[in-house]
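Below are two complexes that have chain A in common, paired first with chain B and then with chain C.
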Partner chain A sequence: MEGQHKHPIWAKLVGYAAFCVVILILPLFITDDYLLNKLARYLVFGLVAMALSISWGYAGILNLGQAVSFGLGSYCMAMALKLRTIPIQTGAEGLPDFMVWNNVKSLPWFWEPFHSYGFAIAAGVLVPTILALLIGTFVFRARVTGVYVSIITLALLVVINLVVIDRQRLTGGFNGLTDLAPLELFGLTFDPYAHATYYLIAVSLGAALFLGLAVVHSKTGLIMQAIRDDENRVRYFGYDVAAYQTFALCLSAAVAGFAGMLYTLVMAFASPTFLAVPVSLSIVIWSAVGGRASLLGSAMGAIIVTGVQGSLSDTPAFLETWTLIMGALFIIVVLFLPRGLISLVDRIPLGGSARRRAAAATGAASRSGINAG
Partner chain B sequence: MTDIFNQVFSGLSIASILLLISLGLAIIYGTVGVINLAHGEFVMLGAYAVWFLEDHFGLGLFPCIVLAFFAVGTLGWVVERLIIRRLYGRVLDTILATWGLGVILQQAIRLSAGAELRYVQMPPGLSAAVHFAGVDVSAYRLFVLALTAILLAVTYVLIFRTRFGMRLRGVVQNPEIARCFGVNTSQIYAMTFAYGAGLAGIAGALVSPLKSVSPDMGTGYVVDAFMVVVVGGVQSLLGTVASAGIIGELSGGLAYLSNDTIAKAIVFLGVVVLIRFRPQGLFALRVRRG
Partner chain C sequence: MAQFSRRGVVKGVAGLAGAATFGFPQIWIKNSGLARAAGGEIKVGVLYSLTGTTAIIETSLNQATLMAIEEINAAGGVNGRKLVPVVEDPASDPATFAEKARKLVIGEKCVSVFGSYTSASRKAVLPIFERYHNLYWYPTLYEGRECSMNVIYTGAVPNQQQRDFVPWLVKNFGKRFYLIGSNYIYPKEENNVCKILLQKLGGEVVGEEYVPLGHSEFSSVIEKFKNTKPNVIFSTVVGDSVVALHRQYKAAGLDPAKMPMASLTTSEEEVRAMGGEFALGHFTSAPYFMSYESPENAKFVAAIQSKYGKNAVTNFVSEPAYFQVHLFAQAAAKLAGSDLTPPTIREAAWGQEYKAPEGLVKIDGQNSHTYLWPKIGEAQMNGQFKIIEQSKEWVEPDPYWAYPGQVCTPKGMVEKKA
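After this line comes the complex of A and B, so read on.
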């Protein structure tokens, strides 16, 4: 029921394409680099909310640890950039500054490969994916479902967050990784206020949306939705439910990890707050407000919520009240619009439904005709 | 020897606070089937109630505990009527709605009472240390331990020895049959939710002299309390007690061997592994599915 597509696929494609065009031409109207940086941040949030939608909206896995993937991706990128900061801020032989302060003598082994951009970018996607693979196999093979999956992912998030903060010598601890060099790739410099960074993020979001759409409309995607609606029935049909659930979790983690890397680029630092409980819950909120069972809806939910929040942040008193309103709004959405704001769009009549209505009318007419005859 | 005793007592002290906080949560989750993420905020409200009453009316801690129970309990009743009752059968959605509620409560306190840390006086009679079995233990912590035991006994009597408790157990076993016998299930749910919230209020009141009171103090508690409830097994009062004891002693012991952070990480990892192999918890006899 929840996954029913009222609109034909072409209407969906048009909607997705229109969204991509809007985010791509937006910089033409914005001269303020600061504003562009803010927008880029909102788009990153859109990307990570869309990632959650894959596992939550389509496969029914409420992953409360989405921030783990996001944060790990962010750290992978930050580690590579940290190793490239200008020598003044680093210690002897390119040792990061916080390690020097913490009396670390040589670069830890797992930092070593991050001298290569290629490795760092691959790691930003693969580390969260592999972790999701392990968690997914561990959890879903035992047929643990529903609330318990949420609690397990939440607990793991807390564990990883605690360890990252505690191992200050290796991770920068509470301060995270700061003083990063800008990413330089293909002759472009991706510093937080550059147009290149914005376009990189906008293109990534667009590509991820279409890729996600392709996946959820594939056979695999349909089975994922079937599992969400009735897990046992799918199992009786002979499908390997755990494999599909693990796949959804991994795909979601990969996209979230990628979003995390982009987030490091816009923020120019990585912090343990990126992989903390509040971020994870915010992602859930964005997706729920926008529409958990819609990739575009989730992305737009994130952009709208963080956008309003961001535009109010200049007036602190207003922001405080906004948080209050936000909480109330969220409860109202959960109570009365369980499919999110995007479900309002579904109510707009389109050609397809008009035709269906016409067909129904003819059907009724022919029936009455039979009765008359 | 004294070292070990000290260690056991500090673990017991952690456990008693854990139990206080998770007792309300366990009752709500076990009977109403709602994952109440605003539980930490109920605890926070209890602590603020004490601070407010002490600061403005000069009340001591003991009357405050009673008032905190009724104040937060009433709020819980209102919340159940307005929000929770619309979400029965949608467990994952209750997580979301109660989290939104938590945001509202936290922000409302921040706006009205301020974001700064508040401190609550320890009752003068209990601020000293007591010499007990060769070691000095804090009198207040002993008091918390005793009060936790009393609350546990009261809850036990309420559930297993009263008419209300009988109806409650009936509703848990089979709401439809209970309704057929004339039990007002909706009222039972509301009262249970209110009682659980009230217990959170007492927990908040009791921890307020031990820790600083701040709008976001509840966030940490709710995760801890959840682990206790899940390990103990839903719908098992005894399980919750045992699991609070195990987790408390384990946290205390591991913290002694390494540090607080690593202790917490190890305990949580243990909980994850446990849920994987026994999602019904350690002490649940029977699981209801669906």
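After this line comes the complex of A and C, so read on.
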């Protein structure tokens, strides 16, 4: 593509490392609890957008149900924290308040193991992963592709959302799980305003970015990208396409589930709106704006979009027009930067890539020379 | 209570166009840092959705709140100090509610915040108010069974809406009730109260059913009405479902004179959406109707209509949204300027009385809920309610009415010793 450079891996690593350094030192400049909390929230969005990039940007699976993983992770964490709240009606060891209101007599069986943090944290990652494994196995073995995968994942999201709202005796329904205790782990308290929470999220995002980078540059990652570009050709080479697609979906779901758990810590509640269509579509928009084929691009897309959204809607002058302005910005980015904001970075020429381009051009010229001859 | 409306989206878009054309009222502060520096002002948060699914109703709450603030400032403010509203748009989304509430409480250091329509959004912001010992003023009728020290509740709780309503229905129509509601906590709690009242009156529940939020297909429900032949259809269906239920009821040829719907959630707003002919002859119980005749209400309605257009309507949520600001101002006026903090305001608010459009209201000094004046209205062709009955005295709020032994006090909920 004209003006685009394929940057070498070291340039990427430097970029990723710089991003991690920035998010880790930011709290030194923030004195306001509220701003720190807001920033932590944006980083969580960054994490879930980065997760989508694994499946969408690298494996070509547009998962419109990303909020399923995010929401399930959020609920797993919230269930553990809810069981540590002392309800004012029933006292210590009592039932969560909404169960009392719904005339539930004893704690439902699937709530029991959430007394353990270890179980809850494992569940927050494994439940979305296992669900992705099931979906992936059925969908990709049946060779469902493209827009149909999106439709199936979107439908799944709607179904799960309805079930969570409808089974309010067990889930808290429309109000979600509120009045949660803060997470206490390793002698640290992760409440929404604590620096500990922010650093947990920043470190998680950094670790996920490097882990993701390792995966997409591995052989598996290359095959995922090949499947994205031409599924049938990869299949004719003898690769098990469905297995790679399922792997991408599962990895994406695991990261999104983890992000959901962090989100519960930042928000201090879990709501069915976390696993609803608007969140799912937002994740797609963040990733598209930042650059879906870049992990860092997607993460930054989420941070930039939610940051701009937050400050626009905070500005009295834009109080009634901010949604319109956001819409216009999306359209502009998608029209003029179809590969997202990160493609601006790709236009920066680097010494190494220029040399490689020159070499490639020479190679092409000599090949055509042979053909001509 | 929660309501959903696709109209909200349309309204949001219309609002955008309107804002672009007309600019913004001057009372929105342009620079929050400036306002904090000015010592002669009192900052309060205004947290109602201006966009999203509940925008249409919450915009009316935002307007009623801002109007009350203007009135207070025009009359000299609170002991000479002006109220400065900080308006935020939480976009009908609980997570955004929490983010904006944090900004108002921690960032802007407001001494109180007026906000929320749905219980879900109130529950989402509650941890912030409790953690930072701030004060949230919540105007919506809701299911009760909450006892937060950081909320002043000015909407009705079940005992206030039902105490007179259910006996009146039994007397005039009969003892057989069919309970129909949307599937969430508010209708279930209201029905818990209704069943207790019916038991005392020797009534009978012939059906109890909950439809999903936003449900619009009632033919099977209406078939059950025909089969069970209740005397009263007791409805706590909300939002767009209200419109669908009323229209399909009429289309099925049922007669409000024999089998009326008795609702706790159908306001002038829903009647306007469905059309007067579909609401005609059905009943609603609420502390406030736009048609209520009192000097205070005449003034309130006239002020809203002169400010927001002659088609603007008031309803049983916008009225508390309006009077609770006056109650706040009265409480704040009792305090010295240096002493103005959310906990002192709460204490000063207890026992405050105000001549509201619905009648003289008072904040209870124990449970922070409000004494109100329940009324029974019959929907008319013109979209208004004709007030048929009204309580002879104000009715005490009891958020734990259905749960003997549980009482809300300033120290949190306590169990009475049996």
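Methods note: the second predicted complex is superposed on the first by the 336 of 373 C-alpha atoms of A that agree within 3 Å, B and C clash if a C-alpha of one lies under 4 Å from a C-alpha of the other, contacts with A are read in each partner's own complex, and residues count from 1 in each chain.
Assume contacts are C-beta pairs under 8 Å (C-beta built on N, C-alpha and C of every residue); 3 or more make two chains touch, one makes a residue touch a chain.
Predicted model only: the values in this text are computed from it and were never measured.
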Taking the superposition on A as described, I'd like to know which of chain B and chain C A:Gly310 touches: first, second, both or neither. second
Classify the contacts of A:Asn37 with the two partner chains as first (chain B alone), second (chain C alone), both, or neither. second
In the superposed arrangement, which partner chain does A:Val334 touch: chain B (first), chain C (second), both, or neither? first
Identify the partner contact of A:Ser271: answer first if only chain B is touched, second if only chain C is, both if each is, neither if none is. second
In the overlaid three-chain picture, which partner chain does A:Leu28 touch, first (chain B) or second (chain C), both, or neither? neither
Would you sort A:Thr321 into first (chain B), second (chain C), both or neither based on which partner it touches? both
Check whether A:Gly146 is in contact with chain B, with chain C, with both or with neither, and answer first, second, both or neither. first
Just checking: does A:Leu281 make contact with chain B only, chain C only, both, or neither of them? Give me first, second, both or neither. first
Touching chain B and also chain C: which chain A residues? 162, 165-166, 278, 320-321, 323-324
Which positions of chain C touch chain A when the two form their complex? 2, 12, 15-16, 18-20, 24, 28-30, 50-51, 87-89, 91, 93-96, 98-99, 102-103, 105-107, 119-120, 123-124, 126-128, 131, 145, 147, 183-185, 188-189, 212-213, 406, 412-413
In their shared complex, at which residues does chain A touch chain B? 62, 138-139, 142, 144, 146-148, 150-152, 154-156, 158-159, 162-163, 165-166, 277-278, 281, 284-285, 288, 320-321, 323-324, 326-328, 330-331, 334-335, 338
For the complex, which residues does chain A have touching chain C? 32-35, 37-38, 41, 88-89, 98, 101-102, 162, 165-166, 168, 173-176, 178-180, 192-193, 267-269, 271, 273-274, 278, 310, 313-314, 316-317, 319-324
Would you mind writing out the residues of chain B in touch with chain A in their complex? 35, 83, 86-87, 90-93, 95-97, 99-104, 107-108, 110-111, 219, 223, 226-227, 230, 259, 261-262, 264-265, 268-269, 271-272, 275-277, 279
